[in-house]
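Labels for the chains are A, B, C and D, by order of writing; each one numbers its residues from 1.
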């Protein structure tokens, strides 16, 4: 997994020099999707348990379609679609490429089968490998940025495969376990407040490697001094909030949050099940007792915000988060953010109090991939960091993840900032 | 398929004499479920395309559970559940046996897999066969009526397997074909009106074989004379109705029907697709051109009723239908009803103008199977006859099928009665 | 109120002889609408508390429009609409007269005001009185049947004014009282079972006065012998049902009824409020304690049916009800049905187990009023008798009222028939 | 109207010196609510045409309740509620004061009547005037800040009275006119781009008069240089956008905006009606032809954003807007913002690209009024400026109005910023 991990560090102007590493990264990322799904059955991969989630199978096809539609269709000589119908079925939301198939009905497509989609993946892999290997440098230079986007895109879907299958399997009262549980390394340290100096600071991606368009342009903002926690809120702390009636006190909640809570009768983090006289949580390794010292997960923005108000603290802004992460990691990275190294580690995407909006001077990526990020800049809040389900090397301090304030099925958590 | 066909003709008091035929019928019916699903993939069998439909897989399990819950649990010595969770997952609606799993979420259960459900079927088959073979006559006498109900129940689900998978596959814009098309024998003869004398007639099951509780008690009703068509309405006739603006004239429709039509923007029978400048219809053999002389199908009660009003005729009552069928079949069965002989023949369940209500003196079957029919006697209309998807020998002239007035996914059709 | 009461007894062929009584009846019925609404404010009359209900104001206008659209438009020389927009706003559902205004938005029409609608009523009254007084006999003969329909139609809306305003005022946590409470005369006698002989009996309207098209044609049906209760189920009896867990036992309920109950969390009749440690019921005279010996009201078909099953009895069919009423009233009318004499008396529309369907040979009224009844013959159950909100002389033994099985806002009750 | 206009300029520490002006302002503001509703009928004031809007009557009562609950209840000796039920009915959303009555059901409360609510207003006016006049300075000092909040609160509801009644009357196909049309002074000047220098600028309220808690704390932000339009987008320009297919091009829209557009089949600004072969717009003076040179209004954030993208420009951030307004008004106020002077003038609330979030260090107002602003800081976008429906003196450059991105019933418009 070496190449996939360093792929994003390669300078954009040096892609041609690193052609072999990029081809190797392509193979690794593509293989990793298969690895993640190896214990799932055809039936598991078929279903869509809510409109916001997608079937595993769809993720497997869509990530292949991305390379077919954005790279092969343009650069492969004698190109023809693997199957023209796939072009319709697996276009997620790129209106520029034709009307996408209805999102809410993705789970209704039983054919092509999982096996046919595996064939599709192999076919794309073969054609891509040939193209990447055989094209001239001038063309590789054009292809490489799209390739790296495509691989980052696939990594995003790798995380979604995990979040979505978790949601799907949770519908089953047998609480199936599909992954072994490999022992938590998630225990949180004692609470300390880390002082961060404000002033005029730079926000946005700074290096010469890959980043998404929404991390740019790098720009200056003014920040006050603040203190940020060295760790995430734990299950034990969340239980205290629950026991103190946190879910029953309207004054702790945003108005929309209170309405959400009532409508959904939320009383605990998502996936928490009160059984055998204790709180347990559904995981990809089945139903397990809550571990008090692990970071709480699967709480939405409304819950994170209410929790912060209950403590008398607040959530960080995305600028504070990024600045703190950058600054403190220079000293002691572990202390602050601990960007996750893999599924086993299990840290969380951290809710910030910032809405997902364009940076000043934001300019969407050029061409059809321009629909990638910009059009979602409304009704969503920023999460920073990474989760245990994020692929190694995928995230970075300037990375902007985003979900609506009621979303709970992501591996989200809470880190606090202290009020003065 | 001999035993399955004659099973319902065996006198209820002669089940013990026919033990071997009933055991053979059990095997045949059970096998037939597998036959019907042999060309479906695990993914096909997983999905539920609307709350009214169920996954193929669920039908396969539920029909097995029926034998386990109503026969093995009571009569097998040393009984234990194949899997206690199955008892919860595959109870359809028998509240007396515990709270059934949410109907609308049947498609969310990916585990047990199709293979595990096939194992479950075999396990039930083996235990049932042993029990049926080895029990004493006195016990067989008790078991046999439940066995025959269970087999008829499975036959009903065999039809539902076909109607539900058709609906599921229709969600796919590729219109998959899962069955070969074996050539229609559905061509309708020329229209003739068959005069039927009324008077005081008997309605309800009369023989000494099997019937459902809702076909009893046999009772007397008064009927006027009437004339009934010798055949079903054809696609060509329905096209005329459409071309005459039948779907746009409110005065032809029941008030609820007009609201249904507007809400669903219905313009043609369900599964009709206007493509390549002609009307085609989706079938289990894929998308095919409409055959003008075949009986129209997949129309709901509202459409059937509006069509009848457009012609100046009306639908028969269920009593008229049963009386006509009985009377005329004594003369020339082919002329009137042509109960279907299998999937290839393709006749239709015929909408009547009768609501599904208990017959005078109706008494639900005793025991837990008493929830079988009676509790659905509201908000539904009676269909009589059989369809091309009905198993041979399953239906009879007194058979009462029933669906809500907006249901279109069944193989339903229209036969008219002439107004004086 | 003499003329309005006898209006429906006048032979249809003798309308011209009774022109003065009919003109007087017209005035009485029209005045009665104003009487019923005299204690309501403009705001009360404005609102629509659910799509099934209509604003008082709308009823006042619609009943006037009925005369304008079906009589004046056809028979008044030099006719022009009082206001062409009213023709659109106050057409309830007569598609033959143009597209009706959206039912669910009736409460959104604040202009015309209540005062303008009172003017409209006066205008219609004046034009109708002139027409009825001055037209020749030949024309009166044509007009009179429409006039009598129009007056019966207005009487139906008088009952709806009461049921709908009750629903509207119930939304208000102050439980406003708009009518004085005049002391109940609703106490039910001791329970006795009245034996009724079956056989071939006639059903449908028999006299030469007015009836609705759905009461015809009179026809013969076969009935078994049965025994019917001499009285309605009381509040005390309903409380027993509740205390015995009637609302929590799925086996007592129709499947759709159980779903309805769960969705609406129904635990008692509609308008029952548990306050100050006792059950009270909202009435047009405000919130009052339940009187144990009064007939229960505001229960829907599902509840009536579940109650009957709980007692081991059943609901009558509409034919049984009509036959019993006719037969026993010949002996002792009070004993059986006690058709109500006015608002104060408070009997109930009685749920029957019959679906609302056309009688054999049913033929809708001719002309545009033909949309009156027939198009509602689906998804509804028959209620027989009358309620305390029914106008005197409006109902009769052959009268067929109908509502969907979940409707609770009508003054409905339960009378049982004993199983053999 | 002098005192009401200057009320917000009075220094918070000088309220006692200006007691008479504040008492006069109280009277003026309270009277203005009556003035605005003088041409509405009781029925007009009753209805609620969507959950987001409220009945006029409710606004009249709620603004009175605000003074009763936050001032009289605390400061009036011998206080008792005018009617305890009003305390429940007219609490909008202050959970700290008890559970508010369901927002969506405000239109269902017909009693108290409009007249009773007028009495309630007079009662509050009298008690408030006595209290304000007779209390000692020390107490006045405590009361005055709440008084000024209450008056600003009532002014906000005065605008909502107009926006909500416009929505209510629009439901009526007669398009009632309730206000005279007094001739537009809304014509927009020629387009010019005004250069604004960025740098480190201060944002938030700066004076010593009244402002809402959400305008504080004043803080420093960094802005780039930018160019802002001297005027609002006109109807003529919007028509061009429509004619160019602006509503049919997905690439112009945010993803949620495109979904909103499709679901609502939006094709033009809200209140635009295509009749008699031209676009007309519903106004409080009835249906009138679109005036090409007036600013477009009743467009939501999605539309404003799509329009900006179509032009190649963008919306301003709220910081840019505030900075430009402050800076340029120092030179020539008319050129930039033209804050409206009353109903007749008709400028618009201007959508910004900023989400409604707390300023750094935001601290909600103390006490129960603390629920005023903070809890709405999610899922909403900022609008700046004022509209023709805003009361004189109510808004200011630091004023933050906010609505969800799909809200169209406010008097909203578009001002552009030029991309570099």
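Just so we're on the same page, a contact is a pair of C-beta atoms (placed from the backbone, for glycine too) under 8 Å apart; a residue touches a chain by one contact, two chains touch by 3 or more.
All values reported here derive from a predicted model rather than from experimental measurement.
S.K.: Since subunit C and subunit D are copies that touch, just let me know if over half of their interface numbering is common to both, same, or not, different.
M.R.: The interface of subunit C with subunit D is built from mostly shared positions.
S.K.: Averaging over Cα atoms per chain, report the distance between subunit B and subunit D in Å.
M.R.: Subunit B and subunit D have C-alpha centres separated by 60 Å.
S.K.: Could you give the separation in Å between the centres of subunit C and subunit D, each centre being the mean of its C-alpha atoms?
M.R.: 47
S.K.: Need the CA-centroid distance for the pair subunit B / subunit C, whole Å please.
M.R.: 38
S.K.: Name the shape of the chain contact graph, picking from line, ring, star, complete and other.
M.R.: Here the contact pattern is a ring, one closed loop where every chain has two partners.
S.K.: Please name which positions on subunit D make contact with subunit A in the complex.
M.R.: Residue list for subunit D touching subunit A: 93, 95-96, 200, 219-222, 224, 250-251, 253-258, 301-302, 305, 317, 353-355, 357-358, 360-361, 371, 375-379, 405, 420.
S.K.: Using the touch definition up top, name the residues of subunit B that touch subunit A in the complex.
M.R.: 41-47, 49, 57, 85, 88-89, 101, 105, 107-111, 113-114, 168-169, 171-174, 176
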